[in-house]
């Protein structure tokens, strides 16, 4: 009798357990309108099936989200999914005991998955050297050149394809009465990291860190120095105007002060809604013709979803299902069109094209073209550097000295390399 | 006044009013901004007088979701802040009073040791030991709970000292008299000490309430569930929108509402507040 | 602390002390010991591997330019906040002490900033000086000053100093006013009869008599600027631009939580504990030798 009761009780408990849907926590860094969209995606997924519930939690900006997840991991309260920005990649990758690689997750949960469905230029940043995906791409972008059509027409010029042309275009803009030729957001990302990729020169040794933790920074090469020196000269002449570390320079473009603006393709929506009284266009980032005849692809920024260890198999099933859902062409195409982030799969790009989005919004496909032109080389696959957040801060500090005329490009870059290498050594020490 | 210099007095009044105006300026601007539309604020030319969006802005955040980043209404946030502030204030007062009572009125081993251990907490502000404290709280399973929000903050050397100082001023005859009347230690505490400490408790309460209400980093770390977010930390959440634009017409009314309760407490209970400040001497 | 009349219970005092001691042990002493332990380790962010390195973390700090510059930043910030806040409070207190009518009202109108959370105070000032939409930024533009505290380190420092000082004015005002009001009228009247003008009276009589209050406030303000302003800096500048507003306490958070360098962060915590300890003892001396109120 007793055994029967216990058995029944156990069974009913089990049934209750099976019936109740498994909750999967997803920590993300998407505030504002993007956050709304994230909630919408999760709701759609939850409505699409009844076994799993994905619960998105906004944890502040990228850095805060990542560090909150790490702190939670140390305390064994980590979420199953956390969104980590690209500069945190090395940190996440080195944490072998904490991270559940996406390819393993998909295999273990027998979820159909084919990494070749995804854009190589996106996944390359987050894959092992033999091409296995470690995290799930979510929001990726790449820098492009936005230009003020009216201003360029008034000066009688075309958007510059090369940096050589930039000089003359800039002068003509100044002659036409504009205060500044161009400005840039995220200077390290655009003017050094992507600059290196585009010119097929290393940003750091050991394949930009992909081949080992003993990597050293290399962005003080003659070409880098030449580029920064040129920007500094242009800054004096007014062709270039520095406007801040992140996207702080955007208003300079919005208000028509600067005729061109280099920043993330994901700024498209913001640019479109904020420009005041002019038409704008999008084109590819310029390159130095003297240094390379056909530029390489640019690299990405943005974030991916990492799966953290320490959860039940049931939860991981939910995670895998969610990743599949997230990669479906409909969801991806919608996300891509709404935010300006790159579509992460070929299918989503195709679908967007078919829906006529690129025809209606000219310029939105520039980023994809620029990213997918040619095969990525060791120099344009991405970067994998520890302590990269702080290294970027150092680069910002040093470059600001150049813009202020307090240091030469050579000294500043040498200094940044030296200071950055110290941080790399520290990272190597704590992760080996 | 020593001598009657009308212009000097007038000048004094003038300086004070100027000072008051300067001190109040940020509050006024925040209030004005909270009554305008987002577009108006973003245009960069905020008028000096309130606009007509006051009702709309405030009612939206009070009764609807405060922001997409914070999926609960500001009334929920205010309630959480209230619970946290009350929990901390009452908790601090109760345990400090008990501790001070033990230290002053009892003879026992390690009395001095206990006193110094409590004293030590003064040297460890929460910002300094934040990571290990977080780990302790997480391992106790107190994340996302009111206990987790309050308990780690209610140890208070300041309050213990205050009660200790006060208890030391109580004449020993009182204790003797209570003993003669057959009152045990518990009755002495409740019937005599507690009534005598009333104003001290109230003054301390005001200070500790503000302390609790204004906590920022701690709730930011220990809450993942928005049902436990407090209003002060949520403002940071509303500001961290990445590349999107800050919804100032949400942030500003939330800021005003976050300030209001502690400011009202200070203004309405000014006498107690001043007493509390002076006696806690920090 | 000895008293003649005490109770003699064995268990009761411990029961009374238990909650306070338990909380102190669990949430203060234990984490502090953890911090000390952590400061001797080099560990990866996730805590998966760690290496005992003796004093390497401290050694590195003592050889790090960034750490010294953080000291300097903290110092400038502390001095700035203390001076600005004490001077303006003193001015207001002296004026309020002069006038008879309205003093109570003035007090009410000046005490409230104390109640505003540091983070909220930061948001208020940041909004006023916002590089693109701030009211003050707009006004400054009219006099040809370009305000952008996200680019200009000096402006960033100025802004956090103003925000922090603003919050502390109430406190200083209350104590200065109390100090002023406790100065015997007769002294001032006597000086007035001797023909000393208001300025001279302030310099020769009032200010010296205020010096205990001033010294006490100096210590309180420095402690405040060093340790209680995290919220302001976090909300306004996050230590930037560069490292121009990265105070010591902010650096502990920054290196630990943002940089994930737990060993160094813990070592900084340990150093800070010693500093707070020293300051607390100085302050405690003042609690014992109470400043007249």
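Remarks
In order of appearance the chains are A, B and C, and numbering begins at 1 in each one.
Note that contacts are C-beta pairs under 8 Å (C-beta built on N, C-alpha and C of every residue); 3 or more make two chains touch, one makes a residue touch a chain.
Quick caveat, the model's predicted, so the values are computed rather than measured.
Seen from the Cα centre of chain B, the chain whose own Cα centre is farthest off is A. Chain pair with the highest count of contacting C-beta pairs: B-C. As a whole-number value, the distance joining the C-alpha centres of chain A and chain B reads 40 Å. Averaged C-alpha coordinates put the centre of chain B at 16 Å from the centre of chain C.
Counting partners per residue, chain A has 71, 74 as the residues that reach two or more other chains.
Across the assembly, chain C contributes 132, 257 as residues in contact with two or more other chains. Of all residues in chain B, those touching 2 or more other chains are 131, 135, 137, 236, listed in ascending order.
Taken together, the chain B residues at the contact with chain A in this complex read 68-71, 131, 134-135, 137-139, 143, 220-221, 224-226, 236-238, 240-247. Per the touch definition, chain A reaches chain C in the complex via residues 63, 67, 70-71, 73-74, 91, 94-98, 243-245, 248, 251, 387, 389-390, 393, 396-397, 400, 426, 429-431. Residues 1, 3-10, 12-14, 16-17, 19-21, 23-32, 34-35, 38, 88, 91-92, 95-96, 98-100, 102, 106-121, 123-125, 127-128, 132-135, 137-138, 166, 169, 171, 174-175, 178, 185, 188-189, 192, 198, 216, 220, 223, 227-228, 230-231, 234-235, 249, 252-253, 256-257, 262, 265-266, 269, 272-273, 276-277, 280, 283, 286-287, 293 of chain C touch chain B in their complex. Remark: chain A residues 25, 27, 29-36, 39, 57-62, 64, 68, 71-72, 74-77, 79, 247, 264, 266-267, 270 touch chain B in the complex.
The touching residues of chain B, when paired with chain C in their complex, are 1-3, 5, 8-9, 12-13, 15-16, 19-20, 23-27, 29-30, 33, 41-46, 94-96, 98-99, 101-108, 111-112, 114-115, 117-118, 120-125, 127-133, 135-137, 140, 151-152, 154-155, 160-161, 164, 168, 172, 175-176, 179, 185, 210, 213-217, 232-233, 235-236, 239, 248, 251-252, 255, 258-259, 262-263, 265-267, 270, 273-274, 277-278, 281-282.
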